[in-house]
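Common to both upcoming complexes is chain A, partnered first by chain B, then by chain C.
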Partner chain A sequence: MEAANPSGDLSAEMEVDAFRRLFPLRFFDRHLVESIRPDGRPLGRARDTTLALGAVASADGSALAKIGSTTMLAAIKLEVMTPATESPDEGSIAIDFHMPPICSPMVRPGRPAEAAPVISKQLSDTILSSGVINLKELCLISGKAAWMAYLYPEERNNMNLKVDKLWNFMITIVDIYCLDADGALFDAALLSAIAAFSHLEIPVVSLDEDGRVVILSQDEGLKTSNEPVNAEKRKLTLSDIPFSLTCILYKNYILADPTAEEESVMETLITVVLDSSYQLVSLYKPGGSVLAYTSALQDCIALTRHRVQELKKILDEAMSEMEVD
Partner chain B sequence: MSGKGGSATPTTYSPSPQNQKKPKSLIFKDDVDWVRPDGRGFQHCRPAFLRTGAVSAASGSAYAEFGNTKVIVSVFGPRESKKSQMYSDIGRLNCNVSNTTFATPVRGQGSDHKEFSSVLHKALEGAIILESFPKTTVDVFALVLESGGSDLPVVISCASLALADAGIRMYDLVASVSVSCLGKNLVIDPIFEEENCRDGSLMITCMASRNEVTQLTITGEWSTPKIHEAMQLCLDACMKLRMVMRSCLKDSASSQE
Partner chain C sequence: METLLFLVDGRTPNQLRPLTCSRNVLNRIHGSASWSQGDTKVVAAIYGPKSGTKKGENLEKACIEVIWKPKTGQSGKPEKEYEMILRRTLQSICLLNIHPNTTTSVIVRVVNDDDALLPCAINASCAALVDVGIPLNHLAVAICCGVVESGFVILDPSKIEEQKMKAFVHLVFPNSVLSVLPEESLHVGDEAKEHGLISSVTHGRMSVDDYLHCLERGRAASAKLSAFLRKNLQSQVPSNT
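Up next is the complex of A and B:
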């Protein structure tokens, strides 16, 4: 009955928690052989996901997304800008992902987490390249020319045109805060950003005397002499919403939606982003010791397809709850 | 007006009307009959919503909501001190308070609030039994999700709950309340608009059951009888707040069983 390796002997006597810390790979192997994970999930299932829209009252659009314990809070603020000369008829989107020290024992104040700028860049690439937001819709003053030409009477002979640009586009600044980091950060961040965009309402604005854009509050709208530029609050149209799923490749297993413990022990991650018509938006596999063959990639994409259906339902339910209110 | 190549960040401004008009002064300081903007009495604190266990990644955590002021605090530790620090027979406390960019109505920078961090440290270090975790550090990190007035007292009370949730040994829970002086009136637990037009403020952090004050800050103009009155107000409020915190901890402990 004597086991050849000493750790085999120890494992018989040791408590589960100690075994989990000292021999994490063997702990997971024991579970994966039974096709189950330590928290009881089957290999391909993601954790319970919830969405709450309108979590931040002072923001123009906001959402709180929870995947298992991973919690992300996204808030969108609108500011007015002049469009860039290369794309004079488009607004812009700025996405900032923050990992404050509360979210994880790995993050120290003053030294930002390694994952934060990586996820920030991934998010802005995904959202901009998927075309979910039409930047031309971020125009505040529709129907008016972006350029106004003044012709001064004394210079009429010279026909000097003084050209002035109007500030008339919006930049949406999305701030995403990770409140609790328990794996699959990109998935939760993307979900919260998309949900915040679907909650976003562009307020009624008008121009004041200096040509600056001002939001009209509800009670002023009727009394002010400035005519509102857009008739009512409007929402952005989201086409082809991207949803994502992160999977871990370990030996010949594929684990969907890893927790932080699983991510730290089994390092090879792959993130697949599909849009709501199941077209591939992005595939991200940053190195790792396990090589992904075509069959593994196809399995991941199939898991993501299933996940997209779940997430679509969750997003629709959250939005219809908001409308009922 | 030549645009730079690539994505230059143009200067932007926020279209909200607040910074363009002078805010109407809702408060007539010398008039005894004015009502607070949220309808509370002068000596009523806001109702408190407290929850422990908000962050699963932390050793202990708490979420506090006092009206519009929302704060999350996480406690990590006791864990190994930084290698660069000298040996210490007693434990160390490390505090950090930061704001989100959307904490204020106009988007801010969201950087660390150094002054709040040091006041939080002073408020807590008198209450924690540092001898119980020698050579190690306890980290207390706070994030202000929304700033609706009286931020620091809420952060301190929430931090004390989070420390209790983490099982760090303390002499007592610390509760913190602040009072603002507006003309002749003392208002407790001021909101943002009241804090902006105050003449002075007094903030107390105390261990109510031991009747000991860990931290006291007074700013502005005060006369001695007013200080006594304000301190008494605060100490009474702290005692009630401590009861609320205690029942929150008892509820969470009993729900775990």
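Up next is the complex of A and C:
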């Protein structure tokens, strides 16, 4: 392998950083032979993950998730709406994923990242396919109004003004902002969305004279004569929660939780989403020069199972910390 | 045992819908192909290789650009996702080093959508790439499998059948190999080389075993599809006499 290439002589003398930029594949190969990665992790280990719930005080539910340096902020806002006639007792969820220029030098103000709409769609497919949110729970009064979950940017606070003019219009808007893109974007985004849903509290509502549903804020509840429809703020029950792990397939190696550098050098990615009862919600492999054989797929699924347990623990700890407050 | 043994149009679960593939369907285009499975029909048109790559792309490789035009309406997020999956799948089958610093544009137009849209588009683009004459290392053969509640797997469901399923999977395999080399050299580990998976996209929830069954059925179907492609693409080569 080292015979015919001109870098063979230079590699002994070159600085590590230069070698890393000029010959990235060879740089990684040298590490993988020793079963380790440039940041010191063993091949199957994911980066340190932290979750902080309630990061955005003005949103009805929010969470900040960090996997290594990849940071995602998810915020949920609720608005009232009249449900669709074909499913009169179900609310709906709209998820949007944004990659502002802050997240990566590749994204510039005039050129939106091409990954953003793709991850956005993947997230909404995953959350809907996994059935983690029971849409019937988003219903206030059967047939009259339902909550629709929207994922929506924090900046659009003036949307609240429109709510007063809109009749019975409640939308759950879930907005996920990528604050730092360092690989494994889908994993971090899914984790932050799920954490935001588990933090979400549906506020107290009541019907006013015209039969419209209005949100009661804390102080109003005492003053108005209207009966609140639901007595207290309630949380959504989440059934089997989906967690994901992205792996890279490179020659015979499987690297879990890649950084952005690893993703750009070794392009074959595979994302496995398992829910907490280990059912497969999604196995996503968008092309890539390395073919995945059954043994590799089973290894990825096994790594994901392990990761599901880790993430479950992290989510439970974050939620119990919230309750203590 | 299982009441859904016959699908709406009288097929057994193991049968694919009727396939047709024709090349060179459009004039003044470097290469084109249309592919239909049952009622789903997709036309792929290819321009290229043209000189120059898009900004920021690797200059030592050819660049593939995909534009997906839906049957009705504007291009939105689902179209962007299809474009990305198609692009990455085609990048893995083309020999990109042969034409560095060029761009090949693949335009996919949906003529009719009766489900299995992504597999149809992948098959059509592959046939169009053969029509243009871009060097490939293997063809991509795409198939859709659906999983019913009981775990039973059905191949190539149509829209009506899809609504009754709990999950479906789009799988892309390389085409099966007809070779004079001895069997052992075609195997990687315990598995034949053509059983590797190029792409996979799933919708809905299923158990891991269901997915592995889908993989097996998909592989068997891809062998049939490869035979179909081989016959179809060979017969259109013009004779030199």
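The criterion applied here is as follows: the second predicted complex is superposed on the first by the 291 of 325 C-alpha atoms of A that agree within 3 Å, B and C clash if a C-alpha of one lies under 4 Å from a C-alpha of the other, contacts with A are read in each partner's own complex, and residues count from 1 in each chain.
The rule is simple: a contact is a pair of C-beta atoms (placed from the backbone, for glycine too) under 8 Å apart; a residue touches a chain by one contact, two chains touch by 3 or more.
All of these numbers come straight from a predicted model, not from anything done at the bench.
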item	value
Chain A as common anchor, with chain B and chain C clashing or fitting	fit
Partner chain(s) touched by A:120 [first = chain B, second = chain C, both, neither]	second
Partner chain(s) touched by A:16 [first = chain B, second = chain C, both, neither]	neither
Which superposed partner A:25 touches (first chain B, second chain C, both, neither)	neither
Partner contacting more residues of chain A (chain B vs chain C)	B
First (chain B), second (chain C), both or neither touched by A:36	neither
Touched partner set for A:56, first chain B, second chain C, both or neither	first
Touched partner set for A:297, first chain B, second chain C, both or neither	second
Minimum Cα separation, chain C to chain B, after superposition on A (Å)	9
Chain C - residues contacting chain A, complex	56, 76-78, 80-81, 84-85, 87-92, 167, 169, 172, 174, 188-191, 193, 195-208, 210-212, 215
Chain A residues touching chain B - in the complex, by the definition given at the top	56-59, 62, 69, 71, 73, 75, 77-82, 84-86, 92, 94, 96, 98, 100-105, 109-110, 165, 167, 171, 173, 175, 177, 179-182, 203, 205, 208, 212-217, 260
Chain A-facing residues of chain B, complex	1-3, 5, 7-17, 20, 54-58, 61, 68, 72-74, 76, 79, 96, 98, 100-102, 104-105, 107, 110, 112, 139, 141-143, 145-146
Footprint of chain C on chain A - complex, ascending	106, 114, 117-118, 120-122, 125, 129-131, 267-268, 270, 275, 278-289, 291-295, 297, 301
